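You will see subunit A twice below: alongside subunit B first, and alongside subunit C after that.
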Partner chain A sequence: MLSYLLFSITIGGVYALLALALNLAWGSAGLVNLGLAGFFGIGAYATALATGAGLPVALGLGIAMLAGVLAGLMVTGMTLRLRDDYLAIVTLGFGEVVRLVALNERWLTNGADGLSGIAAPGKAALGTAGFNWAWCIGVSLVVLLVALLLRRLDAGPFGRALRAVREDQELAAFAGKPVLRLKLQAFALSAAIAALAGALYAHYQSYISPDHFQPLITIYIFLAVTAGGLGRPLGAVLGAYAVVAFLEGTRFLAAEVPGIEPVQVAALREALVGLSLLLVLHLRPRGVLPERIPAAPKVSA
Partner chain B sequence: MIDFLSGLAQRSLARRSLLGTALALPLLPAAARAQQSGPIRIAALSPLSGAGGAYGPSMVKAIRAVVEEANAAGGILGRKVELVVEDDQTNPEAAVRAMRKLIDVDKVSAVAGVWASSVAAAIAPLCWESGTMLLTCAGADALTNLPHQGFLARTQPNTTLQGRKFGEFALAQGAKRVFMLSPQTPFVQSQFENIAAAVKAQGGEAELLVYDDKKPSYRSELQQALRFRPDAIVLGGYLPDTTVLVKDMLRAGFNGTRIAFAYSVNQKLIESVPADTVEGIFTIAPSPAEGSPAFKHMTEQAGTPTPDPYSTQSYDQANLALLAMQAAGTASGTAIRDTLRKISQAPGGTVVSTVTEGLAALKEGKALNYEGASGPCDFTEKGDIADCQFRYEQVKAGKLTLLRIA
Partner chain C sequence: MTAALAVSGITRHFFGVAALGGVEFAVPAGSITGLIGPNGAGKSTLLNVVSGLLKPDGGEVRFMGEAVTGAAPHRLAARGLTRTFQVARGFPKMSVFQHLMLYGPRQPGERLLQAPMWGAAARRREAELAERAWSIARRLRLSHVIDAPVTALSGGQKKLVEIGRTLMAEPRMILLDEPMAGVNPTLTAEIAAHLQALNAEGITLCLVEHDMALIRQLCGHVVVMAQGRTLVTGSFDEVVANTEVQEAYLGRRH
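Right after this comes the complex of A and B.
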């Protein structure tokens, strides 16, 4: 039971990093990124290939984030004139492109067979139990660090400028904010965090395949950010852990319902996910921890 | 390390040395401890939603039928057997979370009914690290090449064997130039290589084209295929893309031999397209051992008159896991790994086809040779199925007609 809890907390941490990434792009800058799974995949494949070629894991994580930044800049560069639904559709397409490239470029990614035996640092030295503990603590610390960093950015001038872009980009440009640069920075940083999540996942699981990066995970993260509170880093983290707790908890709950077949249990779990999103949106439309907008300072006479 | 430790746990328990157990247990990781009291748990991790959702429910039903039969026959090692079912959502990320729960919370000794290759590859490391036996219907060649230490076995023939059968069949139809059209799948490459090897050995030629499986038309792909002047075209796709492809083939005027997987050109496809589009297509599939005692027994137990290959395989997997634990005298994944081949293919062993027969024979101290509903169920050292029958059919007047099983 303990190792299952540690595992769930670690996966919750990976989801939390993805939620932080999405919250930065979507919540702060208003850039809807439905291609989150693509950036997650880019990070995972980048570090798997780099460490597979003999580089140390720390460097692999760095390369993964760099690959995320480059992909983020590329996507923003291609979608400069797109906002809202149009941006969402293009990013969704980008996510699928990443998955299809991973599926078809067999020379690089080993195709549908996936990459197995990715370096899992600490597994040999610490044993299975020690590995679970170390990763649970390590990933949680990374989440804490990234969340604090983003909270600080969020509260600072950078965060305020991003919000100005989100609310009205013409007005922000008129007020002298460098809209293009802000968008590029926000999207690239968001992509780097998502890629870091992918890299950590790859090393933790030591196996990845194109099937891992189906849009399913993007949907879970959107659920996490919406439920936790769009526009607030701590809300995104809370939402991500809540989603994992919910996904895992419903296994035990749905199994207790008497007189239903396993296939109905599976359907019930999916229905509960949708129902809970509806309930959250109905009861707390702005999430559990809503965005805080500080009042404008009073101008002294 | 885990092998050594669980071996230690078994030996000390076998000697019933309380002291030894008391000393050894606190040192073990929780998952390595075999279940030694209470019910024996096995798991079904099958696709109940997602792309494989059409197959999972009947696979789970087949496994449940075996567990119920075993309990009716007095249980395994005198203990009740419990089945824990989880949905893999046909997604490796979700499957890993489900598998961790099965290993850490339910402490299952075996997991059966694993369908997708990507899911099997994702959960395989968890299984061999925790000493849980993984029994799967996944066909990708790479699976049994993983360092699984024997904790993985599959009842589905790998694609090397399937590819060879396709190639040999094309040759038997008099084809010298064989073209394969397939979407990107885990098995396309090795499938094609083995077709090509079989055809080239007889002086023929083979070529492959990988297409995108979501296109509304395949005219350009077919033009490329026809430039090769093929005598036979092998269709490697799934149902939706093959439906489009057979229509475009008729339009393109190809009248050579067409060979497809039985899971794509099935009754559903035949009924959904005009009759002349599919007339004459050959289909090949690993065949369940229809008419065998196990197959008959399974159809009665699971209540499905025409089970698909995956549910017959799941049925056999559950039988093998339970009988292996009974034969080993211990309920653990390691015990199943070590005794699997002693009950599936013991030379000169008593042939059994149900868990009830198997338990009775084991009580008399006999060696076993399990012959299942999906086939003889004999495994190689690597965990592949040693041999399997194939079923050859042809579409005649809008109906699949059996040519032969061989």
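Right after this comes the complex of A and C.
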């Protein structure tokens, strides 16, 4: 039971990183990214292939983030003129392209069988229990670090400029903001964080396959960010842990319902997820921790 | 007389229709120049070309002696050219204070690599800008609503925020697109006084306006446009006395 709990917290941390990534692109800069699972997958495959070729894990994480940045720059470069629903459609397509490439380019990704035996640092030295503890703490620390960094970014002049781009990019340009550069930076950094989440996931599970990067993950993360509070890094983190707790919790709850098949249990869980989002948004329309307008600092007259 | 803004031979077509057919005009440095003309004369298009929103098909725009034709709005802003809009625009979820701060130039903290560190330079600049933002808010009597989102303000207050944030940008010249549109007479007088005070501080103004009394009161130099061209330039009295202008714009009754 303890190892299951540690596992859930670690996966919650991976989701929290994805939620932070989405909140940066979508919440702060207004760039809808429905291809989050694609960046997640790119990070996972990049580090799996790099460490598979003999590179150390630390370098693998770096390569994963770099791959995320490059993919992010490529997607923003192709979609500069798109916003809102159009950007959403193109990024959704991108996420699916990543998954289909992973599925079909067998020479590189081993297709549907996936890549197994990915380096799991600490597993041999610490044993299974120690490994679970170490990764739970390690991933949580990464989440904390990234969340604090993004909160700092968000509260400062950079975050203010991103918000201006989100609200009216034409007016932001007249305000002297380099809109294009800001969009590229926000999206690339967001992609790097999503890729880091993927890389951590790959090393933790030591097995990945295209099935792990279904668009459903993106939907869960959108749900987490929306319920947690769009535009607040801490809201995104809270939402992500809540979603994982809910997904895992309903596993037990749905099993208590008598007389239904396992397939129906799975369907019931997803129905409950949808219902709870409706409930949260009904009670707190802007999420549990909504975006705030910071008060102006007082200056002596 | 040096020109802050010099426009020569600007053409711009929309779907084959010429909105601007070779506009020539100059805004003398330090002046308040009025740009007038009947509806469809091309005033807004010209303002959009000069401010970088539209690229002209031909011609040249010079700002403070340097060619800036087709330059992006944020580059023009960096050179000291800003504009306001006919219908006051704002960032809906940002407060008055955030609007003012946003327009402050040269904030190193806007660069991604410096942003997370929040270096001493960024903090110092932020403090300078905050002080300026407060003094502008007090001057425009907006300090009591400084933390309110702009969507919560009255139409007149939105106009004042527009002027305030333009000031934060430390402009050398402001293009104003109908600054008095939809504003009550009391506030019109207040805004006019603000504009004159800005001009007295050395900022060149160019305004598109339909209110002739206001043009007479504010503008030392007037440019009349009709059908995508400049018709006449001169003082208000000279321009009004011109028969071509009377035909094109003011009507023969005048």
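In this text, the second predicted complex is superposed on the first by the 288 of 301 C-alpha atoms of A that agree within 3 Å, B and C clash if a C-alpha of one lies under 4 Å from a C-alpha of the other, contacts with A are read in each partner's own complex, and residues count from 1 in each chain.
What we mean here is this: a contact is a pair of C-beta atoms (placed from the backbone, for glycine too) under 8 Å apart; a residue touches a chain by one contact, two chains touch by 3 or more.
Computed from a prediction, not measured in an experiment: that's the story for all the values here.
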Fit or clash between subunit C and subunit B when superposed on subunit A: fit
Contacts of A:Asp211 with subunit B and subunit C, given as first, second, both or neither: first
First (subunit B), second (subunit C), both or neither touched by A:Asp84: neither
Touching partner for A:Leu149 - first (subunit B), second (subunit C), both, neither: second
Partner chain(s) touched by A:Glu105 [first = subunit B, second = subunit C, both, neither]: neither
Touching partner for A:Pro178 - first (subunit B), second (subunit C), both, neither: second
Superposition-derived angle with apex at the Cα centre of subunit A and sides reaching subunit B and subunit C, degrees in steps of 10: 150
Partner chain(s) touched by A:Pro262 [first = subunit B, second = subunit C, both, neither]: first
Smallest separation of CA atoms, subunit C relative to subunit B, angstrom: 33
On subunit A, the residue positions that both subunit B and subunit C contact, one per complex: none
Residues of subunit A defined as touching subunit B within the complex: 1-4, 7-8, 11, 100, 103-104, 106, 111-114, 116-117, 127-129, 205-207, 209-212, 214, 216-217, 247-248, 251, 261-263, 265-267, 269-270
Interface residues, subunit B side, partner subunit A - complex: 1-2, 29-31, 44, 48-49, 56-57, 60, 85-87, 89, 91-94, 96-98, 100-101, 103-105, 116-119, 121-122, 124-125, 129-130, 140, 142, 146-147, 184-186, 189, 210, 212
List of subunit C residues in touch with subunit A within their complex: 51-53, 72-74, 77-78, 82-83, 89-95, 97-98, 101-103, 105, 107, 109-112, 115-116, 118, 122, 126, 130-131, 133-134, 138, 146-147, 149, 165, 169
Contacting residues of subunit A [partner subunit C, same complex]: 149, 152-153, 156-161, 163-164, 167-168, 170-179, 185, 189, 291, 293-297, 299, 301
